[in-house]
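What follows is a pair of complexes built around subunit A, which joins subunit B in one and subunit C in the other.
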Partner chain A sequence: MEWSVVTGNAGLLAAATLNTVAIAATTIVLSVVLAFPLALMRDSRVAPLRVIAGIYSWTTRAMPTLALLFLAYYGLPELGIYLDPVPAAVAGLTVSAAGYNMEYIRAALKAVPRGQYEACRALGIPFPLALRRLILPQAMRILLPPLSSNLTLLLKGSALASLVAVNELTGQAMALISDTYRPIEILIVVAVVYLALNGVLVAVQKGVERQFRLPA
Partner chain B sequence: MEPAEARRPPAILEVHGVVKRLGGVEVLKGINFTVAEGSVFAIIGASGSGKSTLLRCLNMLVVPDDGEIVWKGQRVGWTKKGPAWVRQKERELLAYRREVGMVFQSFNLFPQMTAMENIIEAPVQVLKRPRDEVVAEARVLLDKVRLSHRSSAYPHQMSGGEQQRVAIARALAMKPKALLFDEVTSALDPELKGEVLTVMRDLADEGLTMILVSHEMGFVRGVADEVLFMHKGVMCERGRPEEVLRAPRTPELQTFLQRVVD
Partner chain C sequence: MDVIVAQFPRFLAATWLTIWMFALVTVLSTIIGAALAILSEAAGKAVSVPLAIFSWVFRGLPELVVLLACYLALPAAGLDLGPVGSAILGFTLIGIAYQAEIFRAGLASVDPKLFEATRALGMNWRLTMRRIVFPQVVRTVLPAWATFSAGNVKAFAVASAIAVTEVMAVTRQSIAMSNQPFLLILVAAGIYAAIASILMVLEVLVSRRFAGQTGANS
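Then we have the complex of A and B:
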């Protein structure tokens, strides 16, 4: 093993890691925030909202995430919208991830027993209030495992950003491998960094799950 | 008409020609009745007779396709705009539902909340009443349903009978003018039915207007002022329980009573 290829390039790898964290964190927050209204629209009584959310869900999940990234980076300039690499990567990844997240949220909302919704209506509780205080806390317990699983995929998938000129962890590692011809050392470090980052995500999931757990 | 009509207190709820179709099937085929203020009105019938759908129409959880429901002289679910009647949106129905509460067969307590939190949720969050005041009232209600000691228990820590009594207290916390009971003892073990029925008897004695769908013939006979027997979406018989249950005129009710004899 020749660990100097790692220590000698620690600065580059650290900078790339920060980019990965920034892109993943922004995308996670935005895609979850965007997914909630989309999930509600998908089952709305208002037909146009339902159709819009349906088309969103279908197209964003049907198209390769890479194609969405390229659309954001190379396609939007055609419309006069110029995004820097990082915002373009965040945009592409968010649009794609929200399509998946909305379906997880929708499933969780549907899994809350019908009687809970009826109880809210019978008590005269307006839907937004019922959703926030009574339905979502129950849906969260169902939502968290699959949603967090998707967010770990998203964190690793942020490597796609390297293809729109973002200097993130996987891309930087590939570049260093071609420079140094020492793939093993570099890939071990990259794997450990992803492990640690996803470890944080899993820890957050556990914390949030505890928040919504019912007492014994 | 029956001479009894004259002596009755005025109707708080009137149901005129209510029709409901579900999946192409007419499950309610023109229902008419009135409920006097402070009375107990029981709806009985075999499963599939439409009685639960009828009860849900009364608080608009299910919107009738035809006919009308009149609450204290006001048409429910419709607003008059100029010469035309316009259907109310879900949001506008909420005020009515706060006056006509409902208790469900499956309790439907909020699982993440204690008994106390379940009871105070709507008065505090919807009516925006001061929390201390609502908590004090909730304690009185818990006492009324004989659950003072269970105030900090979660639904899954309680028996079905306890959960149902909390659900009754939760409905009462909104100070409804009437309560709908949808087979509230059907999901309970026989030994737990009694404690719920006792609470309901107390409420009837206090003069709460109650409309219930029930299979508890003993309770209906003892507490109801009026009974409606439904069969396949049609009102088959209606009258005072001692008459209707003791001397059924239709073969449908005779068969039904033989089956549920208790």
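Then we have the complex of A and C:
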């Protein structure tokens, strides 16, 4: 073992880790924000909206995430849209994750008893307010476990960004390996960083889930 | 379209490679994962603690990192499996981690009273497993197994990063030759979706069979 390849490149690896965190965090936020209206559209009374959301959900979940990343990076320029590597990676990962997130959100909204929706209507509470103050807090308890397990998948998914020329943790690792020919040391460090980030994400989840738990 | 026609034989070969790698990985990881789950149930902490750590590591790491470890780090340690061998090893390790969790949950869902009943009836462990536990576990495990496996097909696209000429690798090469990335990527996605769909149909068939056999239709 020759740990100097790690200590000597600690700065590069740290910067790459920050990139990974930034990509994962942006994707996590954007994919939930994008998934929410899609989930509402999926059960909308307006048929075209329902169809669009249905097609979106089916195609994005059927396609490999890597295919979506390539579509954003290699495919969009064909339509005259040129994205830099990082935005392309974030776009691909977000579109992919939103397809799953919208199904979890939809299932959670459906799991709130119908009577709750009817009571809101009977009390004349406008739908947006009802959603925010009454439905969502109840749906959250059902939504959080599947949603957060999908978000840890997103952290792992951010490694795919290295394949569209983003210099995040895995990409940096590949570059360092071809420079130094010390794959073992570098990959061990990278694995530890991913597992640590994963641990942080799981701890955050636990905290958030506790927030939404019913008082015993 | 010309590029698709010209590259058709390569896409076909790549699809076949993806299918047999996936089939092999699924069979291996299901058998080993199920065996480890049963073993950890039977042998207690000596197996269940290492298994939990193993499964946490391989479920926590990006597929790409696991593949790179098999493809780059193992040769440095003296074991060179080549691209396809590395991909098969990497995905099997990841698969075992998930399958073991799926089967552990399935075993845990079997009512403990049933074990007491089989003991009272004098059934030995093997018979209990085969006639009582297995038919129930298959039913509870099947949806999770199929969901994971169908999703896992798509992960095989990552193997293109370690020089395996599967569907995504051929797609990338074809993109480099032509200026039709959109079409090519959609074709590739269609191939993965088709493989995943076959699995979903298989799930319906198997679940129907097991639902019929045991009578109860839950």
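By our rule, the second predicted complex is superposed on the first by the 216 of 216 C-alpha atoms of A that agree within 3 Å, B and C clash if a C-alpha of one lies under 4 Å from a C-alpha of the other, contacts with A are read in each partner's own complex, and residues count from 1 in each chain.
Assume a contact is a pair of C-beta atoms (placed from the backbone, for glycine too) under 8 Å apart; a residue touches a chain by one contact, two chains touch by 3 or more.
Everything numeric in this text was worked out from a predicted model, so none of it was measured.
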item	value
Fit or clash between subunit C and subunit B when superposed on subunit A	fit
Partner chain in contact with A:Ala67 - subunit B first, subunit C second, else both or neither	second
First, second, both or neither for A:Arg121, with subunit B first and subunit C second	first
Partner chain in contact with A:Ala173 - subunit B first, subunit C second, else both or neither	second
Subunit B, subunit C and vertex subunit A (Cα centres) - angle in steps of 10°	100
Contacts of A:Gln138 with subunit B and subunit C, given as first, second, both or neither	first
Partner chain(s) touched by A:Gly157 [first = subunit B, second = subunit C, both, neither]	second
Touching partner for A:Ala47 - first (subunit B), second (subunit C), both, neither	neither
Per-residue touch tally on subunit A - higher for subunit B or for subunit C	C
First, second, both or neither for A:Met1, with subunit B first and subunit C second	neither
First (subunit B), second (subunit C), both or neither touched by A:Tyr194	second
Minimum distance between Cα atoms of subunit B and subunit C in the superposition (Å)	24
Those residues of subunit A which subunit B touches in one complex and subunit C touches in the other	none
Subunit A partner contacts - residues on subunit B that touch it in the complex	59, 61, 90-91, 94-98, 101-102, 104, 106-112, 121-122, 125-126, 154, 156, 170-171, 174
Of all residues in subunit C, those that touch subunit A in their complex	56-57, 60-65, 68-69, 72-73, 76-77, 154-158, 160-161, 168, 171-172, 175, 179-182, 185-186, 188-189, 192-193, 196
Residues of subunit A touching subunit C in the complex	59, 62-67, 70-71, 74-75, 77-79, 152, 156-160, 162-163, 170, 173-174, 177, 181-184, 187, 190-191, 194-195, 198
Subunit B-touching residues of subunit A, taken from the complex the two chains share	113, 115-116, 118-119, 121-127, 129, 133-134, 137-138, 212, 214-215
